[in-house]
Structures are given as C-alpha cells and as structure tokens.
Amino acid sequence: MELDTTSCDDTEPRRRGRRLLHLAETNRLEAFSDGVFAIVVTLLVLDLKEPAHSPGQLLAALARQWPAYLAYFASFAYVAVIWLNHHQTFVGIQRVNRGVHFANFALLFTTALIPFPTAVLSRTFIAGIDSSDAHTAVGLYAGVAASMCASWLLLYHQVHRHRDRLVQEEVDRERFGTERARAIIGIVAYLTAGVLGTLWLPAIALVVFLALPTFYGVTSEGLKAVKARE
Amino acid sequence: MELDTTSCDDTEPRRRGRRLLHLAETNRLEAFSDGVFAIVVTLLVLDLKEPAHSPGQLLAALARQWPAYLAYFASFAYVAVIWLNHHQTFVGIQRVNRGVHFANFALLFTTALIPFPTAVLSRTFIAGIDSSDAHTAVGLYAGVAASMCASWLLLYHQVHRHRDRLVQEEVDRERFGTERARAIIGIVAYLTAGVLGTLWLPAIALVVFLALPTFYGVTSEGLKAVKARE
Amino acid sequence: MELDTTSCDDTEPRRRGRRLLHLAETNRLEAFSDGVFAIVVTLLVLDLKEPAHSPGQLLAALARQWPAYLAYFASFAYVAVIWLNHHQTFVGIQRVNRGVHFANFALLFTTALIPFPTAVLSRTFIAGIDSSDAHTAVGLYAGVAASMCASWLLLYHQVHRHRDRLVQEEVDRERFGTERARAIIGIVAYLTAGVLGTLWLPAIALVVFLALPTFYGVTSEGLKAVKARE
Amino acid sequence: MELDTTSCDDTEPRRRGRRLLHLAETNRLEAFSDGVFAIVVTLLVLDLKEPAHSPGQLLAALARQWPAYLAYFASFAYVAVIWLNHHQTFVGIQRVNRGVHFANFALLFTTALIPFPTAVLSRTFIAGIDSSDAHTAVGLYAGVAASMCASWLLLYHQVHRHRDRLVQEEVDRERFGTERARAIIGIVAYLTAGVLGTLWLPAIALVVFLALPTFYGVTSEGLKAVKARE
C-alpha cells in the first residue's frame, strides 16, 4: 500500500518516514547477518597453514594437505550459498517481528557452527575413510547441517504465518510457504545421510553433503523460479 | 516535525538533506556496533576444537567437552539478545550526541569482554562446581555483566535526558526513561548473585546468569510492551 | 529510465519502491564483500608478533623480522586495491543477477585466500631467495593471483553480457567490456611470472608480483579514464 | 546545490539519482572502514586469556595480569576515538576522490597496526619500566602513532584541497583546513615523546601516549567546536 500511493498528498511524508523505519529494521538484521556470514567465510582461511617440511620438500608437503583445500572450498561454497539464500529471502521482506529475529538467530548460530564439524570431518577422513571415527564425524556433521535446515524451516514458517504484515505487496506472498518444502528436503536428506553414514557407509553421507549445497545454490530463487525457467 | 511536513514546498529538499545526514549518523553507529556484535558472536566458535583423542575414541572425546558447547550456546544467545535490545533501542533514535556515543562505546567494550569471563567460568566449573576457583570465576563474571548493565543504564539515561532532540516524534519519548529500570534490575541482580556466589554458593549465581539474558530477551521491546501484550 | 522520469505522476512511488529494492540488492552484495575485505585486511596483523628475544635484545629481534612487515604492507595494499576496484566496478551497477553473484563469490574466495600464499612466500624467501622451496612458493602465489584475475574477468564479462539490465543508464555501459582487458593482462602476467619464477629465477616473479597491484591501483577507474587524464 | 533545489521540477529525480550514487560512494568507504575498526577493536579481546595457575590460585593469577587489562582498555578507547573522529570527519563529506581513498587506506593501515606495538609495550613494561627493551618499545609505539597522525594530516589535507567538490554546502568548508592543526599536534607530540622516551625516560612517553587519545576524544568535533562550547 505504501508503495502504491499517488504522491504529493500531505500524508505521504509521514508514510515515507515509517517506510524508512521499516527499511532500517530489515537493514540492521541484514547487516548483522552479513557480518556473521562474512566472518565465518573469512575465518576459514586460518585453517590453511604452511605445512611443516624439511628444506626443498615444500611442494610435496603442500600437496599432502589437499583435504584441507577441499574442506576450505566446500565450506566457503556452503556459506556463500547460505548467504545467497538469505539475501534472496529478505529481498521481499519489509518488516521483521520477534519470531523472525529468533529464527534468524538460530540460522546464524548453526551457520557459525559449520567450521567445527567440517574440520572434524576432514581430519578423520585423512586418517581413514571407513574408520570408526569417520562414522562419528559423519553423524556430527549431519546433525549440525540438519539443525541448520530446521532453522530455515522455522524462518520460512514465521514469515509465511505473518506474510500480510511482513512481506511486500509486490512480491508473491505465497512464496514463503512453498519455500518450506526446500528446508524439509534438507532435514530429511541430512538425517537419512547421517543414519546411513554412521551405521553403515560414511562415503554415502559424503555424497549427500556435497549434493545439498549444490541443490540450495541452484534453487536459491525458489523452487517455482527454477520450474519457471525450465 | 521533519516527518510531518506537507510536501512539495520549497524548504522540503533541504530538510530531507538534513534528514539523510541524521540517518547516516545513526547508521554508522549501528554499522560499527553490528560489526562488533557480529565478530564477538562468530569468534566464539574458535573455542570449539576437535578434542585430542586416541583412534576410535572421537565420540567419547566429543561428549566429554559438553561444557564448551553449553558455553558456546549461552554466549551466542546472550550477545544475540544484546544485539536485539540495541536494535530495538535505536529504531526510535534519529540522532546521536557525544554522550550516546560514549555510552555506546562502554556497551561495546563490556560486550566484547564477555567471552573472557565466560571461558574462565566454564573451565573452572569443569574442575569443580564448588571449588575456590569457581567462587572467583563467578565474581569475575558478575562484575563484567553488572558493568554491561551499567553501560545500558548510561545509554538509556543519555537518550532520556536529550529525548527532545534525539528521539523521533512518532515514538513514545518517555520509553527511554522507563527502560532505565530494566538496566537497574540487571545491575542489582548481577551484583547480588556475585556476592552470594563468591561468598557462599557459586551454583546460585549460575541460575541468575542464565535467567537474566532470558529476561532481557523477553523484554527487548520494553517493559511496557510486555505489559501491553498481557 | 527510472532516474529520468519527470516527477509527481502517480507511477513514481511504485518506481521508487522498485528502485529501493534494487539498491538494497547491490547494497547487500557490497556489504557482504566489504565485510570479507575488511576481515582479510585486518586479520593480517595477527601475523605480526613480538619476536622471541633475550632481555635487552628487543630492537635487534624486531629488526630481524623485517620481511613480515613487508609482507603485511604488500598484502594490505593488495587487498585495499582489490576493494577499490570492487567499489569502482559496482558504483555503476544497479542490479545483480546469479552470474554476477557467483563471479563475486569466486573473487571473494580467491581474495580471502591471498594471506596463505603470501605467508608461504615471505617465509621461504627468508630461508633463501633462490632455494628450491622459493621456486615452489612463487608458483603457488602466481597460481592464486592468476585465479583472482580470472574471477575479475568472469565478473566483468557477466556484467558486460547483461549490461542493458544491470548497468545504470548514466554510466558508460561499454566500460565493462573494455575492463576485461585489464583482467586478461593480469592472468597472462601472473602465469608468465609463475612459469619463469618456478622454472628459472624466482626474483623475476617477485618484480611482477609487486608491479601488478600498482598497475591495478593506478587503473582502478578503468583504462579509458587513465587515457583521458593523459 | 543539490540540497537547495525547489522540488517537483523535472530535473530533480535525475539529481536525486546522482545524489544516491554519491551517498553510496561515501557509504562504502565508511562501511569498509567501520568493518576494519570493528574487527581491530574486537580482536583485542583475544589477548585476554585465563592465566595459567595452580588450583585455588585463580584470583591471584587474574590479578597478576593487570597490565593486559590496562592495555585492552587503552587500545579499545584509542580505536573508539579514531572511529569517532572518522565518523565526525565523513559526516560532512558527500563525495570522495582517489586522494581521499588512499589517505583513508593509510589511516586504516596504521590503525590496524596499533595492537602490535601496544602488545610489545605492555609486555616490556611488565618486565621492567626502565629496561633497555622498554626504551625500544616506546620508540616503536611512538613511530606507529606518529604515522597514524600523519595519515590524518594527509586525509584532512586532501579533503581541504578539493573542498568545493567533496564537502557538502551546508557544512563549514574551511573546517578541514583547520583540522590539520590537530593532526600536526599529534605528529609533533608523538615524535617528541618517542625521542625523549627512547633516549631518556620511557615513563614520560607513557604519559603522552595516554594524554593524546583523550585530547582527540575531547576535540572530535573539531577545535572550533570545542572553543565554541567554552
């Protein structure tokens, strides 16, 4: 409504005032979240260190720590995809309430946690891809990743429930209800991968761990948008 | 006043120019504070490390460091609640003066400090919940937390004293005076808990330490808003 | 078009609404990127530490670690130049699509990586400027730096392909096509330096490593602007 | 001029478009700088650690590391004062050119460096307030601090030289020329303190090191404003 008013009537400035307030509101949530995402993504490089080596053996030592490069790339890509989804989600939101704030905190909490299970996972896989510790590490990673998907579900659900007040008029307001499906797919996939990987074969879980960020990257504009492009 | 002007008269653009300046003013304070909050909250994960363990003992080793997870969760939740209160406070402020700047610095200073007493506390509690060091750690934590509440009191007081210039017209300008009560509750509660915990039973202090962030989370929109919802 | 409308017609507010959305869109990409650049640039100081020394020998010990100061300065200057180019690039962009997002992620990924080869390089050069490890380190640095230039090429190319939708009307829209030349110069120069430095003389590569950030700093407003100033 | 136009003529939207561009320009410089300041100020807490101690000796061990608390407080206060001055300086600037960008980089470079000489200084003072290493440390700190003041001088000078294009009309444009005096006071004071402290008595330098941030905090609105308040 605020965006549709014909201008130059005397109530408009007051409305613009309120609108600035609301923008500021979402802006700060986004600025805080951007800060957390940017720090998580940048702290990852602290795990890359010059490997210990005897003189002349630098090349071989660098090559030996390839799993650290892979983990750096995978974590960076995952957090970047989360940021992209967060960005895409909040483009259409003009206001936030307490429920959205708390769902967003849950999301930041689980995202900031990701470097921990990633480091555990990459180190146990170097020790042995089917060791008993690899089974444990796969379960830990799946648990954290499933919790993150659960916080997305909470976020989409909160926005959907209050879509009349929170979502801009120009935007397809039913989008956030549909988005919940993407979060549920993640929860189910990570939990299944965790159970199979812990009890049976860790390598199966790994495939899922790499496939899901790709899925979320491709569908960051929503499942509908992907279908529409086909 | 700036928000109430009927538009299209020739003084309006100049006013909007000033308004942009003021918004920019609060914006930078908020951006700087958001940066500090985001970094504090994200640095906490650096304390979570893969525990040393013999092969096959990863699960047990992960389980043994449960107090580190609890401390991570509690610190994250506390800083998130502080951010939420900060956000809620500045939504209605359109301008800041030197007093507000310095009160805000005091707040950031004490917030950035929180990881330190938290780490000391969690480690001494693993060693023994009623050890002489636990009494010390409880006193340290209570002191830092009470200082943080004192900086909130200073902030609310500064805004309240200059509410005519600093607070937007649309907002309930007396709110900031009332908010001081919340800060005073915190100072009294933390100091009491610190004295009781140091001289008598550390576990009592712990209960207060967990209760107060919850109290501040629930009342982040002000005591009045909570009453109004009832 | 949005910027050229005569005002006060009833479609303007809706347009301004959309315009705010688009600004917000680029703003978040810029905020996230600023966060990453700011953190990379600030984390570098963590490598400067008080050197171990016997009492009274602080001055000599500080002097001995001069390559660490040089590396700190060079890395800081390089990331600052990257930020300046990023800033200059996005000034004229009013909207971003998925391609630009992914090119920007590639750029942040390679930028966040820079402290790693820099540290390896500076340490091997202290050990010996023509050692076999120096040859390796030069190759590593050249590879990362060439990848970063490749991500710039991708970014300029993405913007150029969709310049009608993404670039503001007031801006010279062909600029982004021309900018690709700067990125290609970087890729060729770093790869040549890497091959010469690895197979023949590391010192040659060093000269290129110091010359290229200077080149990018001087031409941050585009090759055309530099020509125009002459 | 842009801020003085009577509204509703058909050139206004284009002007507002440009104005948004310029605001965006300064905004990104400010956002990047805010990020660096926020990270520097928050990383300082990483130096506060639970001291090694035998059971029951926590209180004594905490008390023994008081210089670390003092250094934390002093560094935090100094960077906060720098941020406040930076904020105050850029409030009146509507546009930045290359010279301002590079002066700002020099400022961020020297600010990000501050934790290093601070740590060296606090540790040598614990070892002995008139030791030969304390003389060295005082010289190092004075050198870095004087460089920071020199970068302020450069920044004020750049803005002053191009004040017609860079500074908003509403602002006292001669302010930036006068501000240079504050920077020169700092350079002279730090260099004098450094020479006296290195060659004669380190304690004298310490007094200057604590006095100057206070001076810059009090005069952050400019020397004129301070005089006007008297």
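Letters A, B, C and D mark the chains as written, and numbering starts fresh at 1 in each.
Operating definition for what follows: a contact is a pair of C-beta atoms (placed from the backbone, for glycine too) under 8 Å apart; a residue touches a chain by one contact, two chains touch by 3 or more.
Predicted, not measured: the structure shown is a model, and the values here were computed from it.
Chain centres here are means of the Cα atoms, and by that rule the chain farthest away from chain A is D.
When chain A is laid over chain B using CA atoms, the rotation angle comes to 90 degrees (nearest 5). The distance from the centre of chain C to the centre of chain D, each centre being the mean of the chain's C-alpha atoms, comes to 25 Å. Between chain B and chain C, the centres computed from C-alpha atoms are 36 Å apart.
For chain C, residues touching at least two other chains, in rising order: 7-8, 12, 31, 34-35, 38-39, 43. Remark: chain B residues 7-8, 10, 12-14, 16-18, 20-21, 24-25, 28-29, 31-32, 34-36, 38-40, 43, 98, 101, 105, 108-109, 112-113, 115-116, 119-120, 123-124, 127, 131-133, 136-137, 140 touch chain D in the complex. The touching residues of chain C, counted against chain D in their complex, run 2-8, 12, 23, 27, 30-31, 34-35, 37-39, 41-46, 48-50, 53, 55-59, 62, 72-73, 76-77, 80, 83-84, 87, 90-91, 170, 220-221.
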